[in-house]
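A, B and C label the chains in the order they appear, each numbered from 1.
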Amino acid sequence: MFIDLAADRPTVTIHIDGLPHIVSADLSVAAALLSAGVFNLRDRSFGGAQGPFCMMGVCFECLCTIDGQPNRQACLETVSQEMVIVTRSAAAAEDQW
Amino acid sequence: MSASISTQPAYDVAVIGGGLLGAAVAYGLAGLGLKTLMVDEGDIAHRAARGNTSLVWVQGKGHGCPAYTAWTVRAAEAWPVFAAELNELTGVDANYRRTGGLKFCLGDTEFESRHRLIDSIETESPAARSEMLDRQALLDIYSEIGPQVTGASYNPMDGQVNSLLLWRALHQGFQQHNGQYLPRHSVGSIRQIGNAFELVAGNETVWAEKVLLAAGIANARLAAQVGLNGGVRPVRGQVLVSEKLQSRFAVPATDLVQTDAGGLLIGNVEEDAGLDESTNIRVLSGMARRAVATFPSLESVQLVRSWAALRVMTEDGNPLYQRSESHPGAFAASTHSGVTLAPLHATVLARWIAGLEMDPAVEAFRPEQRHVH
Amino acid sequence: MSGDSCQLAVIGAGPAGLAAAIEASAVGLSVVVLDEQPLPGGQIYRSLEQQKNGKRPSLGSDYEQGRPLLRAFRDSSADYRPLSQVWEVTPQRHIHYNCDGISRCLRAEFLIIAGGAQERPVPIPGWTLPGVMTAGAAQILLKSAALGAPQAVFAGSGPLLYLVAWQYLQAGLPIAAILETTPRANYLRAAPYLPAVLTLPSYLTKGFSMMAALRRAGVPWIKGVTGLRAEGDEQLEAIAYRVNGDWRRVESDHLFLHQGIVPNTNLTVSIGCHHVWNERQTCWQVQRDDWGVTSVEGVAVAGDGGGIGGAIAAQLQGRLAALGAAHRQGSLSGAERDQRARPLRRLLTKEYRVRAFLDTLYRPADWLRRPMEDETVVCRCEGVTAGEVRAAAALGCPGPNQLKAFTRAGMGPCQSRQCGLTVGELIAETSGMEMAETGYLRTRPPIKPISLGSLATFDDS
């Protein structure tokens, strides 16, 4: 579990797999997922590994659909108000790409 | 120096080349009980075997050469048993599926042109069973095709296989049958001395009673040493590879195949580019445009890599199987279709080289038989 | 789109890229900096520009040292393009990159690649469980997101591991344990290089004071660890470790792994630059001359992306590469270039003195480069295990490219960034070859993913 170490930061509301979350406005999408307790991003059937690993764009394990754009590296994008994020495990369950 | 060899050469056959053709024949030879050596290059080699798109393909083959059409049909029919036997022996399932296959046509001109080709082949070889599907019929297979798609040619015998697993299975099966594999040794010279061939490859010298040149484009360099003609040139194939997707493309096409791992292989343009193995952005971009025109929903799919490989092309596009007159015991084989023809290479061609059978089908592809009509 | 071009393109905005851009702009070259991150600073100075206000925990003095560099960069005339992901560079220096979902082309007369390094993979059983991340990831979360995980375990070896643990301490986060895998034999092997380090005492004092702080705080620090396993069903629950032949367990939701950093080579390999095996650092690196120029004309590499040397060395190399580029463009005479380079080279030599000691002391253990357990995942993207890699190598695969064809290791989206070294090590082990002989994977463009749609609309006229 990751805890917030800096108080009084501006926040935004984002949607992760259909549920709203309030997160700090300056987080990368991957950091926001972790702070919201979402660790498992990928369906096992797509390969071995499951969640954000390197946080710097090297491992490609944080791929999510962000505002309709599939397979974005969540660690390279910053959250924005009302951003819609769909993780691959959710997308796989609904039989989309 | 005396030209006779008093001892038996170490191998019955030396196969030069560990690609799809070499490995298939070597697997067949070893399975027949012949002491077989497969000599292969290093890790960075042209390796047409790494440059195919997994298709077991009948349609469109052998225009103007009914023998090739028949050979291809025979291969397609042999695939299920071949795949099962290889799986049984090695435990490697290359996942061969006879799904039927398509070649998409965009616009009316392409459709008409393809129609003419298919008709022409059908006239020469009714057993080929290809047909044209108009747009309406094609929509039954793929409902999301783009507006420019006018139809496709289709053949129910076409299919796909995991060609990399096939390749691996052939190597494994070969070694299980006591074949010897010598990688990282490029053959420099072949000499016939007495009843044996001496091959010098790097720091190794090996002796075999017979030799098969299955070295892809390198056959051009080696063939003259044993009185055969090179007869091959490289053609560069480029392919785009996508991320893994949920299974959606059950019927493969010449420029769109979804592998059993889930990724799409897109493109398959071929061009003359000498020995230049680099990818070309204009070509790749053109392939991407065609793919998006064929299936507009593919626009957002992510490409994770591309590759270009030098494939083997014979002068007339048909396989070339040669037996040397001046150097009896030396053979050469070249083909563009190492995947499709694998079952026949492992059986008929292996037996031909072993001297067990003079199958007229194989003889049809000797250079002397060409330009018959 | 008509030609977008510049005299010097710099890929990467870490210390090497920033220093190169500043130096080249000062000499009058037109400079474009392409950075895949949203803000400059690379990894070491990540988010430093954002750390202006608010109470944030100390991240150390080395981190703060990046401020003047960032200010000078912003003040320079360099054209900074963030969120630009380069997916191809041709040998003619046409740079194809994505920005805002659109594919673009930039032509450069000279290119300095400053793509930096990545963490070396640490393949242990269970390392793909959610909850296992790299120490670098923990640091990024701390720096950029002010997020930390209490009671985490840090495991591995190397200065970054202790630095992040210390930063965690400063942030008030309790640490469950530090499991150190530095082989005991390395201490002896590194001893001869210690005198050279004493000429740069700040390295040692900084390191010692961090370690002392961790010990004072009572953080359990277990040395000589010779085995690691991450355990759990759907998520990490505990870490098993072996020391003195016995296996013990520590429970935790978070494991941060680290065993050093290695150059990012995918871009330079895809361009066709020649690479060599660095036996002391056990990694591949691009071959370059004194000005950072590779075997491909007009393409230079500066910083950790060309060989691990640290942040100061990266800046110095960036400046040298820029001077080399300026001379090649005709903006500097040979004499001027050499004169400006002289003090930089002196400083660089000083920086390199520490390397032999650090590289030898923190050379990764054999068991962490060549996972012994067959079930350990080697290729994370494709789920290929060490056992499968060994079996394919035993078939006689001449190298990692053939092995990739046989097993799919290296075919996933990360393009062998996480498995390439391990695959090479296992081939070397199985076949008895040296690492230099096994060769490396030939990565191809796109070296970062690109959508089919943006490739379809790509126009480089």
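By our rule, a contact is a pair of C-beta atoms (placed from the backbone, for glycine too) under 8 Å apart; a residue touches a chain by one contact, two chains touch by 3 or more.
Since this is a predicted model, take the numbers as computed values, not measurements.
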Between the pairs A-B and A-C, the one where more C-beta pairs touch: A-C
Chain separated most widely from chain B, comparing mean CA positions: A
Chain occupying the most central position, where position means C-alpha average: C
Between chain B and chain C, centroid-to-centroid distance (C-alpha), Å: 40
Where chain A and chain B are represented by their mean Cα positions, the distance between them in whole Å: 43
Centre-of-Cα separation between chain C and chain A, whole angstrom: 23
Sites on chain A at which at least two other chains make contact: 47, 69, 71
Numbers and ranges of chain C residues touching at least 2 other chains: 382, 412-413, 449
Multi-chain contact sites of chain B, meaning residues that touch two or more partners: 243, 300-302
Chain B residues touching chain A - in the complex, by the definition given at the top: 243-246, 262, 300-302
Complex contacts: residues of chain C adjacent to chain B: 88, 90, 94, 96, 272, 382, 392, 395-402, 405-408, 411-413, 415, 438-439, 442-446, 449-453, 455-456, 458-460
Residues of chain A defined as touching chain B within the complex: 46-47, 69-71, 92, 95-97
Footprint of chain C on chain B - complex, ascending: 40-44, 47, 49-50, 164, 167-168, 171-172, 175, 181, 183-184, 240-243, 261, 263, 266, 278-279, 281-282, 284-285, 288-289, 291-292, 298-308
Partner chain C, residues of chain A touching it in the complex: 1-9, 24, 26-28, 31, 34-35, 39-40, 47-61, 63, 69, 71, 75-76, 78
